[in-house]
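Pasting a structure here, questions to come.
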Amino acid sequence: MVYLTRVEHFNAAHKLFNPNWSREKNEAVFGVCANENWHGHNFDLYVTVKGEPDTDTGFIMDVKKLSRLIKEHVTDKLDHKNLNLDVPFLKGKMCSTENLAVGIWNELIPHLPEQVQLHCIKLYETPRIFVEYFG
Amino acid sequence: MVYLTRVEHFNAAHKLFNPNWSREKNEAVFGVCANENWHGHNFDLYVTVKGEPDTDTGFIMDVKKLSRLIKEHVTDKLDHKNLNLDVPFLKGKMCSTENLAVGIWNELIPHLPEQVQLHCIKLYETPRIFVEYFG
Amino acid sequence: MVYLTRVEHFNAAHKLFNPNWSREKNEAVFGVCANENWHGHNFDLYVTVKGEPDTDTGFIMDVKKLSRLIKEHVTDKLDHKNLNLDVPFLKGKMCSTENLAVGIWNELIPHLPEQVQLHCIKLYETPRIFVEYFG
Amino acid sequence: MVYLTRVEHFNAAHKLFNPNWSREKNEAVFGVCANENWHGHNFDLYVTVKGEPDTDTGFIMDVKKLSRLIKEHVTDKLDHKNLNLDVPFLKGKMCSTENLAVGIWNELIPHLPEQVQLHCIKLYETPRIFVEYFG
Amino acid sequence: MVYLTRVEHFNAAHKLFNPNWSREKNEAVFGVCANENWHGHNFDLYVTVKGEPDTDTGFIMDVKKLSRLIKEHVTDKLDHKNLNLDVPFLKGKMCSTENLAVGIWNELIPHLPEQVQLHCIKLYETPRIFVEYFG
Amino acid sequence: MVYLTRVEHFNAAHKLFNPNWSREKNEAVFGVCANENWHGHNFDLYVTVKGEPDTDTGFIMDVKKLSRLIKEHVTDKLDHKNLNLDVPFLKGKMCSTENLAVGIWNELIPHLPEQVQLHCIKLYETPRIFVEYFG
C-alpha cells in the first residue's frame, strides 16, 4: 500500500457567523473572524489517496487525473468564491476549516476511481493553522 | 548601510471591480477576481528599512519596534478586513496588490524613526504573485 | 473526528552534554553539539488536537484559545531561553529534541479543554530534522 | 515511542516509459513524462524512524548517523543519476515515485541499527506531489 | 513605478558537458553534473516586470496575461524537456543555470506589452542555488 | 552580468548584551534577547556574487567552489558556536544580525576568485527577520 498526495490551492472569502446568535455574541465568540464584511484566505489543499502501484504504470493512480478530479469536483466550486454564499455543499453549516475539510471529503469521494481509497483531506487556512480529516 | 526586513501577515477579502464599468466589462477584464461576493487572500508583507547600525545596540532599528509600527499603522487596518469596504486609505482606488503596496508605503512612512529610511514594501498576494514598491 | 494543528515558534540555546561523562566522551558522541559555550535553534512546534466539530461554532476548539494555551504553558517557558539551564521540566534530562517533545506533551496535556484530545507534538529543530510524539 | 525524521535531497533524471508498449501508447498514458530525452526533478526524501529515547543521549538514534546511512545506502545511488539507467534497485521496474519510495525503503531497512524501526519513506517529486510508504 | 513578479515552475533534465573537452576533463570540472546519462531539476522561475499601475484596473499588467505569456514563450519550451537536446534557444551553449536565465530573458522580452519593462529573470535550480539576470 | 546565489545554513547561540550597560538597561533595551543564559537561531545565509558567464563552463563561478569557500571562511567559524564567545571576527562588537552580516562580508571577500564580485550577504535570523549588506 502506497499513499499519494496532490497539493492544490484556492482563494476564498468567508466569515465565521452563526445566524442564530446576535452580532454581539458572534463577535464575542469569533472576534475579528466575524467581520460582517468578510475576510479571506489562500487555502492549501492536500488530498491523499492510497492503493497498490499498478505493474504497467508504477502508479497507484495517475496524479494528473487526480488533479483534474480535485479541480472539477472541489476547487472549481471554491476558488475565488465566498464560502458562506457561493458553495452549495456548505449551505446551512458554519464555515469553519473543520467543516470545509469534511465537505471536501464528501464532494470528492464519489468520483475517485476504484483502485484507490481516499485517505486524508488536509487543509491549510493559514501557514500556521490546518485541519485533517480521515473520514 | 544595512537593510533590515520584517515579515508580517494579514488576511483579507477583496474583489477587483471598477464601479465605472458594467458587470460584464468587469467580468471580461477581471474574470473570477470580479466575483461580486468577494474572495480573499493570506497576504505576506515584507517591510525593508535601511540605515547604519548603531554602535551601542548593533541595530539599524529595533525590529520589535518596527513590528509594532507595522501592526499599529498597517496590519491592524487590514487584517480580517474587506479591502474594498473597510480600509480608508484605499477608498476610491482599485483594490489591486499594486495599489495596496503603494498605500501601505504611504501609511507607514510618516511613522518610521529618523535613523532609518523606508526602502521597500513587498507584498505577496499568493505564493506565486507579489509586487514591490520602492517609493 | 477532525484533527486541528496550530504551529508556533520559539528560539532557544542548548547543548548536548551528559554530565556523567567526560568532556572527551561528550565530544566523541555529540560532536559540535557538545560545544560547551552552547549553540541554538529556531524551533517550529506543531500541536495537533482531535475532536468533533461543535455544531454552533464549526470548531473542534477555538484555535486562538489553543494558541494562548501553548503560549502560556509551553512557549513562554522556552522562547529565548537556555534549554539546559532555564527550563524546569527538562531538569535532569538530556536536552535532545526527542526529550523536549515529550516534555512539551506533558506540560500541555493537563490544560487542554475536555472536548479535545492531544494527538501529536511535532517539533522541528532545523528544517531537516524533526521529531513526533503521540503520547 | 518517539518518531525521528531526517530530510535529504537528490536530483535525478527519469522518464515514464513502459518498454512493453509502443511509443504512442506511452505518450497517451504518460504524456510529457514520456519524453524520450528525459526530464528530471529535485527530490526531497523524508526518512522516519521510531524508537525509545536512550537515557544517556536522549536520542532514539544519532541523526547524524541516520543521515550518513541514508547517504551511503540511498542518495549516493540516486543523486545526479538517471533513475531508468543508473540505479540497480530500479532495474525492470517503472520509474514512478511510488516504486522509487518502495525501493528506497528496501535499500535502507537492512542497514538501520537495532534500536529503531523504519516507519516511513516520504518522497516529494515536486512541491505539489509526494508519496509515502510504510512497509 | 511598481514591480510585479509571477512565479512559474518547470521540470527538466540536463547535464553539464563541454563537447570540446574529453570526458575526463568534463568530469574533473563538472563532477557528478557531467553524468552522461543526465540528471534533472525542478526549476522555479520568477519573472519580474515593472511599470505604472493603470488607473482603471490598478494593474501594471494583468498577471494572468503575464502567466500565459511565460507559458507560451518559455515554460512550454522547457517543461519536461532535456535542456541540452530539446531547446532550440540553448543550442550551442553550455546548459548552465546562468545561460538558461539569459536565454529565458531573450525569449520573453519581445512578447511583453508596451506598458511594462522586463526587470529580472530569477531562476532556482535547487532551493539552495539560484541566478538572477537583469538584462 | 549574472548574479549567482548560494544558500547555506548554520546554528548558533548568542545574546544581545552591551557590557557597558547595567543588566537593567540591557533588559530594558533588548528584552528577552538579553537573557544571560543565551538563546539561539537557525541562520540562513544567502551569498550573492556577480560576473560574466564563462564561455567554456557557462558559469560565473563554480557554485560548488563558492559553497566550499563559504564553509571554510564563514560557516565553519559560526556553526554550533556561541557568537559572543567563540567568533574572533565579532569580538568587541554587538552580536546583532546587522553586525554579523557585515562581518561575514569582510571574512569572505578576500577569498573570492577574481572573476566575480561579492554583491550581497543576506542573513535570516528567523523566517520573519533578515538583513542584507551590499558593502
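Should a chain be cited, it is by its letter among A, B, C, D, E and F, assigned in written order, with residues numbered from 1 in that chain.
By definition in this document, a contact is a pair of C-beta atoms (placed from the backbone, for glycine too) under 8 Å apart; a residue touches a chain by one contact, two chains touch by 3 or more.
Note that the coordinates shown come from a computational prediction; the quantities given were computed from them, not determined experimentally.
Asker: Identify which chain pair among D-E, C-F or A-D reproduces the interface of A-C, meaning that over half of its contact pairs, matched by residue number, are the same.
Answerer: Having compared contact pairs by residue number, the answer is A-D.
Asker: Rotation angle for the CA superposition of chain C on chain E, to the nearest 5°?
Answerer: So the copies are related by a turn of 180 degrees.
Asker: Taking all residue numbers at the chain D/chain E interface, are over half used by both copies (same) or under half (different)?
Answerer: same
Asker: Please compute the C-alpha centroid of chain A, do the same for chain F, then give the distance between them in whole Å.
Answerer: 41
Asker: Averaged over CA atoms, how far is the centre of chain A from the centre of chain E? Could you give it in whole Å?
Answerer: Each chain's C-alpha centroid was found; their separation is 33 Å.
Asker: Using mean C-alpha positions as chain centres, tell me how far chain B is from chain F in Å, no decimals.
Answerer: Those two chain centres are 29 Å apart.
Asker: Residues of chain B touching 2+ other chains?
Answerer: In chain B, residues 127 touch at least two other chains, as defined above.
Asker: Okay, what are all the chain pairs that touch?
Answerer: Chain-chain contacts present: A-B, A-C, A-D, B-E, B-F, C-D, C-F, D-E, E-F.
Asker: Write out the stretch or stretches of chain F touching chain C in their complex.
Answerer: 9, 11-14, 32-33, 35, 37-42, 79-82, 85-86, 126-127
Asker: Considering only the defined contacts, which chain F positions touch chain E in the complex?
Answerer: Contact set of chain F toward chain E: 1-8, 48, 53, 55-60, 62-64.
Asker: Give every residue of chain A touching chain C within the complex, in rising order.
Answerer: Going by the criterion above, the answer is residues 16, 18, 20-21, 29-31, 93-99, 101-102, 127-134.
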